[in-house]
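These are the structures in question, set out in turn.
Here subunit A shows up in two complexes: once beside subunit B, once beside subunit C.
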Partner chain A sequence: MKNTFTQSMAWLHTWAGLIFGWLLFAIFVTGTLAVFDKELDHWMQPEIPATEVSQADAAQRAVAYLQAHEPKASNWGISLPTERSPGLRVSTGERRHGGGVQLDPRTGEAIEVRDSVGGNFFFRFHFTLDLPRNWGIFVVGALALVMLAALVTGIVIHKKIFKEFFTFRPNKGQRSWLDFHNASAVLLLPFHLMITYTGLVIFMLIYIPAGVDALFEGDSRAYFQAQGNARQEQPRQLARQPGELVDVAPLLAQAEARLGPIGGLNIRNPNTAGARIEIRPELGNRIALAKGQAMVFDGISGQLLSDVPEWRAAPLTQRVMVGLHFAQFGGYPMRWLYFICGVVSCVMIASGLVLFCVKRGRKYASATAQPSARRWYRVAEVCNVGFVSGLLLACVALLWASRLLPVELVQRESWEVRAFFGTWLLALLHAGVRPARRAWVEQLLLVALLCISLAALGGMADAMRVGVVACAMVLGVLLGLVAWRVRQAASAPQKTRAGRSVEAGA
Partner chain B sequence: MIQAPAWLQIFSRSTAALLGGYAFSYAASACLARLLPLSSADAVIVATLPAFIFYTGAILWAFASRDAVRAWAPLVLAAPLALIGFWPQALRWLA
Partner chain C sequence: MMMWVTGGVLFAYAGMLALCQGLERHYKHVWNRPCPRGLRLGLRGVGWLALLVSLLLCAQAWGWAMGPVAWFGSLSLAGMLLVMLLPYWPRLAVGLSAAVPVWGVMLLLA
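And then the complex of A and B:
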């Protein structure tokens, strides 16, 4: 491409970084927020009480409710209250997400809860960009690959990687942005590489089904059977005879002793002789993601039918990598570590995007530059504002929408999503009509205000909800400081604008 | 040598990176899955885990190589790798 290897890599890093950086920033921000998805869920649905009911009691009340309202359903799903998700939800049928009825764990009565996409929206956006699922995971996968390439090219072009680790020259304009981009990248390089690579591993057989195509003739069911993930035989004959369900509490205790904290249970063919009780652990009991694992009990005798399988080395390796990405293990300290690392990743991407413009500003924004070059520079500038501060604005707008939209609104969830994308679009338009620096200041200031005033929406009944609001406040104050620094730098152009990069890192 | 316009060079190399890189990592995974002395179920996983490293390597190659033709080398390399990976299928197809 260019004369030397390093030059080629620098070219690739710059342009791939710019063009794909906008969406990568959105993926990293929503991924960082998704670390606290359940907490955001809880905040966005203020009707759910925070209670300290034991799981055994909650499960018995859920079974009683289902017994009274859905005695003939083919499947009962029960999500038990856990540390991060104090609600008790019951559902019937095979729907795994959404739907179902929220119960008060103290009484077992159904409670009216507003429809909300919750923190789950950030999680879904993080791996699909809210596109149809199969399209989305391919687009996000391609972006992750670009991220991986950008990280490796970034390493290649920084020969003095160790020295740059200790280099920060504040208040030196472009130099400071570069130092900051380098420092945030090098400081957490293992995290950046790990999170990007393990993200690709989650759907690796969807992206590259070569092994399944070659060894299993493309038959993914045969592959899953070879992995020992065959579905449990359902006892069809017995499922026609009536039967009386065993008490779930002792089974829960038995499963908890074996698996650690319990996430929920499924009762298949309830009230028949073929009843099966599947009890699943919380995802984060170990590093390897325990998705799809369950202990299966006979629903009449309470006998253990099948235990969770031990994984062989290869599937375990994949599970551990996926678990490292999902960040469900290690409790709250680990969650905070992932959150902070995620914030640093976001700031690294954002600083790289800003650096692109800062570096070229003097050359292309001046009147002597070619009109076409100036126009393209302006596009980059507008997209930077719209995709960085505009996305932050959209995220906080979603939180506001979840509280402000009327509770009885039809299809309330899709209105929340519309609020998210509508705000984002408005932010892009706003960036298009305002001078870049003014647009930065105005949008960042608005994000800061909306974050800080989240407390005004109330509903801080328990520690978890207070935590969400407090975290938003801290982020709001930091973004306010960034906005203030950009403003300062704008009023005194010869005074450089490095300091804000330090604060942006917090 | 003919000097192609810059946009065409970039387009060619980007396509080489995306499609050539995919073909290369797909074929390399298939080949590895076939050759690894593991049970099929394990071989699939062990062979697919490094696929993204192959892909990244191919992307860098597409932009680092000296001339725009050599940027397509991973695509060429994919053919023999795929032949090893899909050896039984190829034999059956020939028979």
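And then the complex of A and C:
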């Protein structure tokens, strides 16, 4: 630790930022990509047609398909086509993710769709790092705390927040990196603080279970029921008598009038006198995240049994914070705001990582430095390349894998994940054997090429898929520019003495 | 809705630009002469006013619950764009504010 308060804050910011920044960068990148998870899903499964079928028609076709193939199932799940997710999926049982059958919304026939982790992989990686779920949640929570600490210490050690509010001086080496790191952090500070804090709030009951333990003796079901999320008692007697299902279309219209756009429905105990139809809204009709909410109708009479519960003040507060993090509200303009803010956050973290090395480069990379110091400096350098450009490479490799792996491959999804981690590992190894600057240029250039050439994989049947490819292209061009600037800077140092670390342009 | 969204972002940029030009250092960087006191105060006033208009437009587009969220995002990104443009193309950074009257005309015609 150092003498003054500011010095110890600077120490904490530097070292916590470096050690945890590598994983924080991965979390921020995948979180940013997860803003468009459904769009990526759609691109990664080119078999799903983009159609304009009304939800009522689609729902009726789905029910007809389930009547024909699964009349005895205890539960039917139907995901309706929506603005962001044009597929129609039906499933049985309680499984929420995966499984199920994709139908063509125009005909109600089953279609063969390749298995793919989809954009959902980025979403899951964002909060678990692909570790076992609970472990991952704790690790990411700890990293979020470090991020908060880095933000607060950053504010403390940045003495000229307002004086240098609009300041960016390019082509000045270390100065430029610091300027960029400061400007991107200060200007987007509301976003950084909001996204980090609300991220912690999502799993607050996992991190701090004491409240539920004290009030409900650890019974989380009792806790959820107290919030008004009680599941309707299933009428067991009636569920044994046969019954005929009511038409779902009028119920959908009724629910849409009350809740806004509809995401899907569940039919419990179909074809019995105890049938229940649960209709759930799309997540983005309001800020508060409406996950788990549904209107419940009697499946025989079509009568409304229970409306969505109103949240009380405290749960509503939590839901709004979670909703702020999930960014499902406000339509596409809001989604783009979140995406671009996320991109700037990623670049902010990356610039901080690079700054660490730029600042120490002259001291530790020279021949006069102690061998052990040089070795540690090299580790930081390699990790910077491997965790920044290497992760980007892994992300784009996943997109390529989703299209290139043979469709009939067994356990195709886990091969996609292997492609992701395998590429990442290769990138780390590559960074380890190449000089740092060349490794940066080569990896960034490769990412740029892979992004730009996504279009070569074809399958751009509709606007959403074209959008994914166009966005990848723009990002690819930007990364290409960065690679070019780093390369330019690499040949510059002979000319100017201070030019050693000129590689601004992020 | 897109019209209000665009307006919200444009006014956020114009506001950040005016506030930035209201600072001695940045005015001098663009125009190579010191900024008269009156103009400086005027620019700051206009800047804050434009930010307020941006908030109103965001609320118009998204409502008062979501509007402020979008407003913060627009302010941040507008500021970021400005900071990136200023050192490379200072005149362009100032010229972009011409989009505000164009938007106004389109709003009147629409």
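Just so it is clear, the second predicted complex is superposed on the first by the 493 of 506 C-alpha atoms of A that agree within 3 Å, B and C clash if a C-alpha of one lies under 4 Å from a C-alpha of the other, contacts with A are read in each partner's own complex, and residues count from 1 in each chain.
Everything below uses one rule, namely that a contact is a pair of C-beta atoms (placed from the backbone, for glycine too) under 8 Å apart; a residue touches a chain by one contact, two chains touch by 3 or more.
Computed from a predicted structure; not experimentally measured.
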item	value
Partner chain(s) touched by A:287 [first = subunit B, second = subunit C, both, neither]	second
Touching partner for A:344 - first (subunit B), second (subunit C), both, neither	second
Subunit B versus subunit C as contact partner of A:333, first or second or both or neither	second
Partner chain in contact with A:324 - subunit B first, subunit C second, else both or neither	second
Which superposed partner A:227 touches (first subunit B, second subunit C, both, neither)	first
Partner chain(s) touched by A:183 [first = subunit B, second = subunit C, both, neither]	second
Between subunit B and subunit C, more extensive residue contact with subunit A	B
Subunit B versus subunit C as contact partner of A:201, first or second or both or neither	first
First (subunit B), second (subunit C), both or neither touched by A:168	second
Subunit C-contacting residues of subunit A that also contact subunit B	none
Complex contacts: residues of subunit B adjacent to subunit A	9, 13, 18, 22, 25-30, 32-34, 38-49, 51-52, 55-56, 59-60, 63-64, 85-86, 89
Partner subunit A, residues of subunit C touching it in the complex	1-2, 5, 16, 20, 23, 26, 61-62, 65-66, 69-70, 72-74, 76-77, 79-80, 82-84, 86-88
Residues of subunit A defined as touching subunit B within the complex	1, 5, 8-9, 11-12, 142, 145, 148-149, 152-153, 156, 197, 200-201, 204-205, 207-208, 210-217, 223, 226-228, 312-315, 317-318, 321
List of subunit A residues in touch with subunit C within their complex	165-170, 183-184, 187-191, 194, 286-287, 324, 329-331, 333-334, 337-338, 340-341, 344
